[in-house]
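Below: a set of structures, written as structure tokens.
Next come two complexes, and both contain subunit A; in the first it sits with subunit B, in the second with subunit C.
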Partner chain A sequence: MSRYLTANTMRTLLPALSLAAILAAIFYLQPRTMSYFGLNLLLNLAVPIALATIAQMFILCVNDLDLSLGAFVSLTACITATWLYDTPVLGVLALAGCVLAYAALGALIHLRNLPSIVVTLGMSFVWVGIAVLILPTPGGKAPEWIRALMTLKPALIPFPIIAVVVIAIVVHFGLMKSAAGVVLRGAGGNPLSVERAGWSLLKVKVTMYAISGFFGVLSGMALVGLTTSADANIAERYTLLSIAGAILGGSEFVGGRVSPIGAVIGAVTLLLTGSFLSFLRLNPDWQIGAQGAILILVLAMRMLINRSDKRS
Partner chain B sequence: MNFTKVTVAGAALACLLSSVAVPAFADTADKKIALSNNYAGNSWRQAMLTSWETVAGKASADGVVAAADAFTTAENQVTEQAAQIQNLILQGYDAIVINAASPEGLNGAVKEACDAGLVVVSFDGIVTEPCAWRIAVDFHQMGKIQVEYLAERLPDGGNLLEIRGLAGVFVDDEISGGIHEGVAENAKFSIEGSVHGDWAQDVAQKAVAGILPSLSDIKGVVTQGGDGYGASQAFKAAGRDMPIIVMGNRHDELSWWKEQKDANGYETMSVSIAPGVSTLAFWVAQQILDGKDVPKDLTVPFLSITQDTLEASLETTQAGGVANVEYSQEEAQGVIAGAM
Partner chain C sequence: MINDLPVVDVHGVGKSFGAVNALQDAHLVVQPGECVGLVGHNGAGKSTLMNILSGVLSPDTGTISFAGEAITARYGVSEAKQFGLRCVFQELSLCPNLTVAENARITHPQIRGFGWRNDASELIKNWLDEVFPDNGIKGDDVVGDLTIARRQMVEISRAFSSLDEQVRLVILDEPTSSLDKISADQLLTFVKKFTAQGGSVILISHMLREVLSTSDRIVVMRDGTMVADDATENFDRDRLVREMGSVLAEDAEEASAETARANTARVIQIPAKDGIDLNVFQGEIVGFAGIAGQGQTEKLIQIFDASNGKVNAVNIDNAAAFVAGDRQAAGVFPGWSIEKNISIASVRMMVQRYLIDPLQEINISNEWKERLGIRTDDLSNNILSLSGGNQQKVLFARALGSPAQIVLMDDPMRGVDIGTKQDVYAILKQEAENGRTFVWYTTEMDELKHCDYVYVFRDGEAVAELPSHKVTEASILNASFDPATAA
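Up next is the complex of A and B:
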């Protein structure tokens, strides 16, 4: 290892390199994508996935795992397409209620010392249930302003790129650079020392779950802005996508070790993998497997880097 | 600028001349059509894809169109199919034929396709976006005629068991809505129980076996297709009297019906949509690309099999397949002309 290319920088660069590799492959396979119009189409579904991945990352940060995120995003999408459209006040209240519910979940998990996997898995059925009650059959309408925002066509740079960059930077500065962020991350990495230093772990967990819920709400709203309507299972895949995206982007299951920029890059990479495989004309039956293989490949490379880190 | 005008006029003239001089399909020889399909996990969808391969594949080999490729999403999810449609736009297709995961959820992606100048034709699972064409099936009616048939067969009425499809899919709601409307009009019937069979024999068999002990005498079973055989096996295993089970044109259902008909004169009916509707959608897309005027809403008749046509239908249905009708270009033109 050269002095300039330490394991740490390699680890940080890995997600970006995977993204660059897949993007280059897509440009090669389908030159049409290399335009404003092409990038817009290629990436616009990345915005809700990136938001969901950030939401998952906040949970990973406190050493928990959220298995209800897909169902939660579906629910917020249903609320956005119905109440927020018909009666905005009720819609805003309901969405705020969703964030509060997430905060309460954080408190419950901390106070009763419950495994987050079990609680969130249980809650996923609750979210789907409420979503079906709100929107029994697919439908609803996207509020005009969300639709307008999601189909914005700014000059030069396509909106999805601006959106994911803004998301990554805002969260990066909030979580990685601010004083409060250090405490929040520390609580995941080393809860004991943070508690001894006088911080309330309960407050930390509640805050992290609330932020996660907030990004979940944003994800649902962004999704409806793109699809123009919702159904109760619309974001079912987001649970796994968000976990895979966050891990791909350099987060780890041990808590405290997260990377917002990496998470966003991971989410975009996962989405592009799907496009890449479809441009390859790969049989769809193989696509999920191939997506998994790419994920394993990137993680294996990270393992190699970690190992060389220890050896040197 | 004058030069451009002349070329445009020339091109227009050439178009006009060519459409007069040669058969109708010559203009689409350089057009590419894609099929975007959300699900391939049952015999109906497999037959639908095979029909597409047979008819659209031949059309592209014959040079009627440049390409006619089928794409199926790995998971039956709106978000995936939306991404797939966006990818198809980028791959430069001129038309996309869609069997949609959701009537509304794909509207954003469909709008993107229309704005990019693509022709979008939806069938079976249709989309509501106004810029797309719709080849719809009257699923509501498909549910209702089952009850009407049973009303003829069972003058005294009785208890019915309803087997539904995949929960949350609008086709399921439509057929079920038709069944319930039929029951409301025929007071002698009441629906004793309702299970979800997911349009698959094994799921239906398990679901029916689970609910049977709690049900009293069942006279008829109303279904959505792909679940009749499973239901019959559940009734048989429970040692119950065999009710009139409405079938759904699947090969296993038809051959079981034939077996029973030969053994004890069992009578029923069978109704479903011919999976070959994908080929109708293909020709409709081709006709639109060819510059033909096609109404935005077309209706496709469903395919019923009666006691008398059973043998003939069974003969032409492949093992593991569904009774089918594939459309030719002329037949598709007929459907379009009928809707004008």
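Up next is the complex of A and C:
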């Protein structure tokens, strides 16, 4: 393999190539999407999904898995559409409480050495329960400023594109480039070594869960900004979407290997596969299955790249 | 330099894990500017001592002082670091998902702020060039993509690297195990330079040539205690090997095995790659010996895979059963009853009309419970209700109850009490007489005396074949360490 086309660069490029392929297919099927308005419609929901995927990625980074993310985003959406709209102070406090709750979960999982899957699966019912208590029937209203932000119409480039690029770059610098981010990722790669170097694994886990909770809150707020109302199951699909998006973007389940830029690209790719399949006039019932097939296809390609890497 | 006080003074330190005395009354003094070689056979207590020094374990008895300052309670990893103590552990402790520079940052919290990446990269590169000139490693290489030798270089250089703090003592645990000769020599040269500048090194290695050429003083450990502590010039390879082994002369005769060998069929044959051919004949108990981790387990797994037709490098015709040494990881099914744990390998024999015949299942389990003396009143109890030794008996029962004629054993007696061992030895003898064949990797010298033949492993290959009358501690130690010709 040539010096520039190593398995490593291929792995990094794969998510971007998948996105380009799906975008090209959409443009081919429906040339009218190739416009400011078209892209805006197409990528409308990209912001909350990208935020949720980033939230999931932080958990994946410390070798855990969050099965409650969808329920958690639904809850924060409900809080945003009710308390944050009616009594902003209470709303802000409640959302801050959500972040703290995530931090506490991280501490619990680390101290008691519990499997994150079990804890978050259990918590998902708690989140949905609270959401139903807050908003028993679909409704609520988006706070004006969130609505205004999410429907911004900047010149030339549609808002969702700017937003996801900003999210990707901010997280990339925070986690991948900063000195503090190194310790956070190192704890996923070899916890023992990080601990021997004198760092506290508890602090690492709490930090990662808190950041994840923060992005989950942002995701719920962004979602309400787009839909203008909420219900207790509004983001149910986000749990699996966020895992799939992060994995599609090059993250791995173990070993602290994550990529924020990849995660955002993965989230957008998954979102676009839905539109792509609609343009194919595929029955919506088949869409989730077809999305899964695309996911398997991309992951199979990654396996092939990895295997060729081992052989060389 | 601070003063003439010893960098570290270990006095009468003891540590036990359960009933096992890993370390007792250990004494070790390291002066500034001194390289102390630490040698000993498996389980001599070297790793325990190192873990205590680095603050990972705390000693049960005795005292440790650093530069004359006694430390007792609240001694941990970060305190050890503050004293200027660094360790290179045998199992690599870099983060594979990070780059070389990022790994350097993990151990140097003071590298931060803008441009930290360049600082870290420069620091680690300087030390890499210092220890291993022409290493070709870049600061932005991801550690997981590096070869194992290069990872080892990064880890060693990182241990010596310092910003403003002083590195006083570096403990190197088998640092050259994955380095080639050139890099190993570079390291040893650097160690001499480092000690000449007043730093101290504890060098743990089973490459006796390196210890003899590099260290100023050598401490020999055996059975958790120091048996020799002398200047290096008073040692040679023979004395080291002698000190590591037990002093008792071995009594050994009976050359019967060699004649018997030709009379039975050969059941396993592994042609040599670098070492010697490995042959196992029916009804034999063949031992695998040598330093731990020299490829014995891998060879057993290779034989096992070959018996399933997955590997061709080994000639074997019969089915084989495997007795795992690591009970928790590869042995017991923790949620299952004792009975099911025994019978799992014999499922095919018990099938009646597509279903498992429960009566047969009970019979097989009961038979082996009686024969091995598994201490339980009810075989339907959970396996975890048994003691460790009895759990291990269950694993033996599983292998012996299966139809396999070859039984592969991966150091199965680790942490098993003497009574259980005697029971199992007796059964092995009996089964071997009935035509079963055993291949037995063990780290315990005494167990090798039950073997008809012993193969000693080094660097993943069998390098010596000893018939039972030649199996002595001395002969095995002699074959385990690098040949004198390499010196």
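Everything below uses one rule, namely that the second predicted complex is superposed on the first by the 311 of 312 C-alpha atoms of A that agree within 3 Å, B and C clash if a C-alpha of one lies under 4 Å from a C-alpha of the other, contacts with A are read in each partner's own complex, and residues count from 1 in each chain.
Following the convention adopted for this analysis, a residue touches a chain if its C-beta (ideal position, glycine included) is under 8 Å from a C-beta of that chain, and two chains touch if they have at least 3 such contacts.
All figures in this text were calculated on a predicted structure; none of them were measured in a lab.
Engineer: Does the subunit A-based superposition show subunit B and subunit C clashing or fitting?
Structural biologist: With subunit A aligned, subunit B clears subunit C, so fit.
Engineer: Where does A:Gly250 make contact in the superposed view: on subunit B (first), on subunit C (second), on both, or on neither?
Structural biologist: In the superposed model, A:Gly250 contacts neither subunit B nor subunit C.
Engineer: What angle, in steps of 10 degrees, lies at subunit A between subunit B and subunit C when each chain is taken as its C-alpha centre?
Structural biologist: If I round to tens, I get 130 degrees.
Engineer: With both structures placed on chain A, which of the two partners, subunit B or subunit C, ends up touching more residues of subunit A?
Structural biologist: Here the partner covering more residues of subunit A is B.
Engineer: Which partner chains sit in contact with A:Gly266 here, subunit B, subunit C, both or neither? Use first/second/both/neither.
Structural biologist: neither
Engineer: Quick one: classify A:Thr33 as touching subunit B (first), subunit C (second), both or neither.
Structural biologist: A:Thr33 contacts subunit B only, not subunit C.
Engineer: Which partner does A:Lys177 reach: the first (subunit B), the second (subunit C), both, or neither?
Structural biologist: A:Lys177 contacts subunit C only, not subunit B.
Engineer: Answer with first, second, both or neither: which of subunit B and subunit C does A:Gly106 touch in the superposed model?
Structural biologist: Neither partner.
Engineer: Quick check: superposed on A, how many Å separate the nearest Cα atoms of subunit B and subunit C?
Structural biologist: Scanning every C-alpha pair, the shortest subunit B to subunit C distance is 32 Å.
Engineer: What residues on subunit A touch subunit B, complex-wise?
Structural biologist: Result: residues 30, 32-33, 37-38, 41-42, 44-45, 132, 137-140, 223, 225-238, 271, 274-275, 278-279, 281, 284-285, 287-288 of subunit A touch subunit B.
Engineer: Under the stated contact criterion, what part of subunit C meets subunit A in this complex?
Structural biologist: 54, 56, 77-78, 81, 87, 89, 93-98, 102-103, 105-107, 109, 111-113, 116-117, 142, 144-145
Engineer: Looking at the complex, which residues from subunit B come into contact with subunit A?
Structural biologist: 40, 69, 71-75, 77-80, 82-84, 86-87, 89-92, 102-109, 111-112, 116, 168, 170, 173
Engineer: Can you name the residues of subunit A that touch subunit C in the complex?
Structural biologist: Subunit A reaches subunit C through residues 8, 177, 179-180, 182-183, 185-186, 188-190, 192-199, 255-257.
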